[in-house]
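My questions will all concern the structure given below.
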Amino acid sequence: MTGTANLLVSCPDRRGIVAALAQLLYGQGANILDSDQHTDSGAGAFFQRIRFDLAELHVDRAGLERAIGEVADRMEMTWRVAYSDVIKRVAIFVSKHDHCLWDLLLRNRSGEHACEIPLIVSNHPDVKPIADQFGIDFEVFPITKDTKAEQETRELALLEKHDIDLVVLARYMQILSGGFVGRFHGTIINIHHSFLPAFVGGRPYHQAYERGVKLIGATAHYATADLDEGPIIEQDVARASHSDAPEDLIRKGRDLERMVLSRAVRWHLEDRVLVYGNKTVVFA
Amino acid sequence: MTGTANLLVSCPDRRGIVAALAQLLYGQGANILDSDQHTDSGAGAFFQRIRFDLAELHVDRAGLERAIGEVADRMEMTWRVAYSDVIKRVAIFVSKHDHCLWDLLLRNRSGEHACEIPLIVSNHPDVKPIADQFGIDFEVFPITKDTKAEQETRELALLEKHDIDLVVLARYMQILSGGFVGRFHGTIINIHHSFLPAFVGGRPYHQAYERGVKLIGATAHYATADLDEGPIIEQDVARASHSDAPEDLIRKGRDLERMVLSRAVRWHLEDRVLVYGNKTVVFA
Amino acid sequence: MTGTANLLVSCPDRRGIVAALAQLLYGQGANILDSDQHTDSGAGAFFQRIRFDLAELHVDRAGLERAIGEVADRMEMTWRVAYSDVIKRVAIFVSKHDHCLWDLLLRNRSGEHACEIPLIVSNHPDVKPIADQFGIDFEVFPITKDTKAEQETRELALLEKHDIDLVVLARYMQILSGGFVGRFHGTIINIHHSFLPAFVGGRPYHQAYERGVKLIGATAHYATADLDEGPIIEQDVARASHSDAPEDLIRKGRDLERMVLSRAVRWHLEDRVLVYGNKTVVFA
Amino acid sequence: MTGTANLLVSCPDRRGIVAALAQLLYGQGANILDSDQHTDSGAGAFFQRIRFDLAELHVDRAGLERAIGEVADRMEMTWRVAYSDVIKRVAIFVSKHDHCLWDLLLRNRSGEHACEIPLIVSNHPDVKPIADQFGIDFEVFPITKDTKAEQETRELALLEKHDIDLVVLARYMQILSGGFVGRFHGTIINIHHSFLPAFVGGRPYHQAYERGVKLIGATAHYATADLDEGPIIEQDVARASHSDAPEDLIRKGRDLERMVLSRAVRWHLEDRVLVYGNKTVVFA
């Protein structure tokens, strides 16, 4: 077997976890390439990411996962294995602002983001030419209060049809229902154009301008039923000053949004992010 | 006459302000060394800071200010002149955390902050040895709900006695009354240990830890009757991660607080800050 | 007349410059919108950028410039006026790395960079599809030691034909001759993929990896005959660690290069940059 | 036994290292609290830091180290164990600039740096009052070309007498001989006031000013015989602009130097730094 795999584990903290997992993988012929670990002593929780080489594995993947499962049961672990040759499939949701869409498509094309992007969804037709140029299916679902539920049902069907693993809200100016989010728990990444928890809700750059802050920010987080309240994956800021009009903040913000969202997406694609409670562990 | 002066002006925006002020100063023999200007077209407001040399002034300071006053009246200007040889007198208020106090005292001693610090006030006796070592008067005013009004009266008397121009709240964990703040409007600088408007109120680092943010911040602002709502002078942030316990955030925060507060104080001492509405113009 | 203009001035420092220019513009009916100024006391040099409104100008542009010229002669000023309705024409030179090219084209399309881009030049055919898609002329000039002089002559002719104001070397991996650079003095911007003066020359990310630095950088500068020695316009850095392989530094560097180059280009397009000696004054 | 310990390991990369070490510690009753690991595939080198709890250790420290030694021999490991209850002893070398000295002394007093500081050495008497105030032995060794060798011998004797584990050059403006550095290989931390490898040697802020860089930096590195060439532990930068005179760069630099040096010292004290070749692995 070729390639590598990532084992992601979270469980109650206890003696011997590290040894047990290392021993287990060693016993299966899996060579550990990298290992990151975090213990939240407050929460009594243990987290680990182990990247290992499959080249000399003694067993097949099913066998490996059976062996992991046995240890996991013994230690009450939540776990998953991600194989480097299983490419994640990403759907991008976008409204009219196309800067994050362009950024994600170009990073994918350049090989920086290892994923397939078979689908772009929007509530407006504006970005269709971009989708066409990259040869990606593009579907428009105009949203009104009345049509929302029905449209979300169609969107979910489409995501299933395209076998989507990750939904990226790349400046998608619609609020998804709790039902929709629930179906993709921990696999919808949203970019919010402020340094959360400051300036939740709409027009954050105008809120920032009104407050006279000296830094503006952007936040990438997993979408949850509570808008702007989901687990934060990445944040960054840029300097602002009295000479920045709202449109200057918006311009600076576009670069922030691109950078922050693209880092969060890459870390997710590389299985570096573990969610617990309303927080993330990011083994960057 | 020797030294330099700063003229700070704000007024409704109109044609010819820059020319009028430049002409005025030139006519008095004041050589403009530096000039910063900002127009807030939204608010229709004009702001300027002009630093000029007094060496070849034709008139005395009273004469200069009379001349400025005439132009100012014509153009509805709010203005002030600050002379480099008039050293500002600073009182530092502090509770038990002494890192910002040390930082301000050492920057003053090294000549980085051009001011005199004749007075340190606290609600605890803890930092007295530091005050003694720098030969600075130290007064303790324990605050309880009942004594607060009375103690503030004593504090205000002390500030008058020491002829204080600027009050720096260097991690002073007491809320000043509206009356106190009103007496020192625009001349009380507070350091809040979060990136405002995120995490107002108490224990902001613990709030940040609970929310799982990936950056922590600090904010220096002018104190107003509304806690944590005053005009922001400076802000900065530092990276945080899942591996940071609250005490790590507090440690990183101490450096942020020192840096942000010291920059805000320096800019104020150098007359680089203009307040308008709930914002600041900082000609840094 | 409509629109705005920027007056950029540098001259020996002396008394009364600010007043003279403000008075001059006021007298012509030019309303000063913004004014930035810098005095290098060491070099005894004065620099100013004045943005003004043309709406109520009493004279035509020729008349305005005559008036400026008279003051300028009196005060030994080097000066230029740039009008907001005269759009600069930009040629992009690129080799095979297309990330900066994409970035500049998209910023131009989104209106963030106010310029026209009629021409893309490369020593390789690779990026032709990108040029085609944006409807921009694309010319390939393969460079060898023997053909270089001749090819540069062709390139210069092409730049003249397209009436180019600014050449951007967006990861163009060829060294331009002193003759070529001399023809476009102060109007060729290069992005170097290191924090100059560290790691001049080739493969800077590999040099950075070998040295084990904890930050990598990028530098946008005006091209001069001495490679990597020209006046620096902008620089920025990103964190690196022991876990970054050269390809990780290259990935992080792409974002740095995009950000740094795009800021430098925007400031140049907005006439915010003054060159003196081997330095720049950037009124950002 | 109480407290915790850090095991630091570097060795040729091979299969089973992680498992062997985890198994070993588990077998001795050492509970792994944290584990960081890095593989430099290019160099074929493996590095790990394991922090573990001693509370339920079955053997004494000698026994533990014997057991580690056996595994280490088998796998050609270079290793060391550092116990949390063995406090490192630090000597600070300084010339006349006292800002880094103050910073280190205050961080130590506040408990941020877990170490003892029994000795301050200088080539000038200036900072004696600071040493006295903290009750720290202070020794002056004026250095001339002729006396240097002899003085270094005296300094080394003093370091032995005080049983010093780490020497911090906190703006010590003398070059140590290869012999001196050799005696404290990997345990002398120097702060250089530039972003190395830019601006090696003297007056780096003036070099930076001359070059017109837009960022200034500071670098903490282990001292080696080659000045400014040692393994880099930490670096950081601050924005500079045309308006910064050399003295402004020096002022901004003081904050950089404090931050960068204090982080490097803390990481060293917490046994987070591994040196290999001319680089460091920092498990921060």
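The first chain written gets the first letter, and so on, giving A, B, C and D; residue counts start at 1 in each chain.
Keep this in mind: a contact is a pair of C-beta atoms (placed from the backbone, for glycine too) under 8 Å apart; a residue touches a chain by one contact, two chains touch by 3 or more.
The structure presented is a predicted model; accordingly, all values stated were derived computationally and were not measured.
Asks: Please identify each chain that touches chain A as well as chain D.
Replies: A chain counts here if it touches both chain A and chain D, which gives B, C.
Asks: Compare the two sides of the chain A and chain C interface and say whether they are made mostly of the same residue numbers, over half shared, or of different ones.
Replies: Over half shared, hence same.
Asks: Could you tell me which pair, B-C or B-D, is linked by more C-beta pairs in contact?
Replies: Answer to which pair has more contacts is B-C.
Asks: Which chain has its C-alpha centre farthest away from the C-alpha centre of chain B?
Replies: A
Asks: Just curious, how far off is chain B from chain A if you go by their C-alpha centres, in Å?
Replies: Chain centroid spacing, chain A to chain B, equals 42 Å.
Asks: Quick one: report the Å distance separating chain B from chain C, using the average Cα coordinate of each chain.
Replies: Distance between chain centres: 37 Å.
Asks: Of all the residues in chain A, which ones touch at least 2 other chains?
Replies: Residues 38 of chain A touch two or more partner chains.
Asks: So in the complex, which bits of chain C are touching chain B?
Replies: Those residues of chain C that touch chain B are 15-19, 22-23, 25-26, 31-39, 56.
Asks: Please output the residues of chain B touching chain A within their complex, sorted ascending.
Replies: So the residues of chain B in touch with chain A come to 38, 40-42, 47, 195-199, 211-215, 217, 231-237, 241-243, 245, 278-282.
Asks: Could you please specify the touching residues of chain C with respect to chain A in the complex?
Replies: So the residues of chain C touching chain A come out as 99, 102, 106, 110, 112, 133, 251, 254-255, 259.
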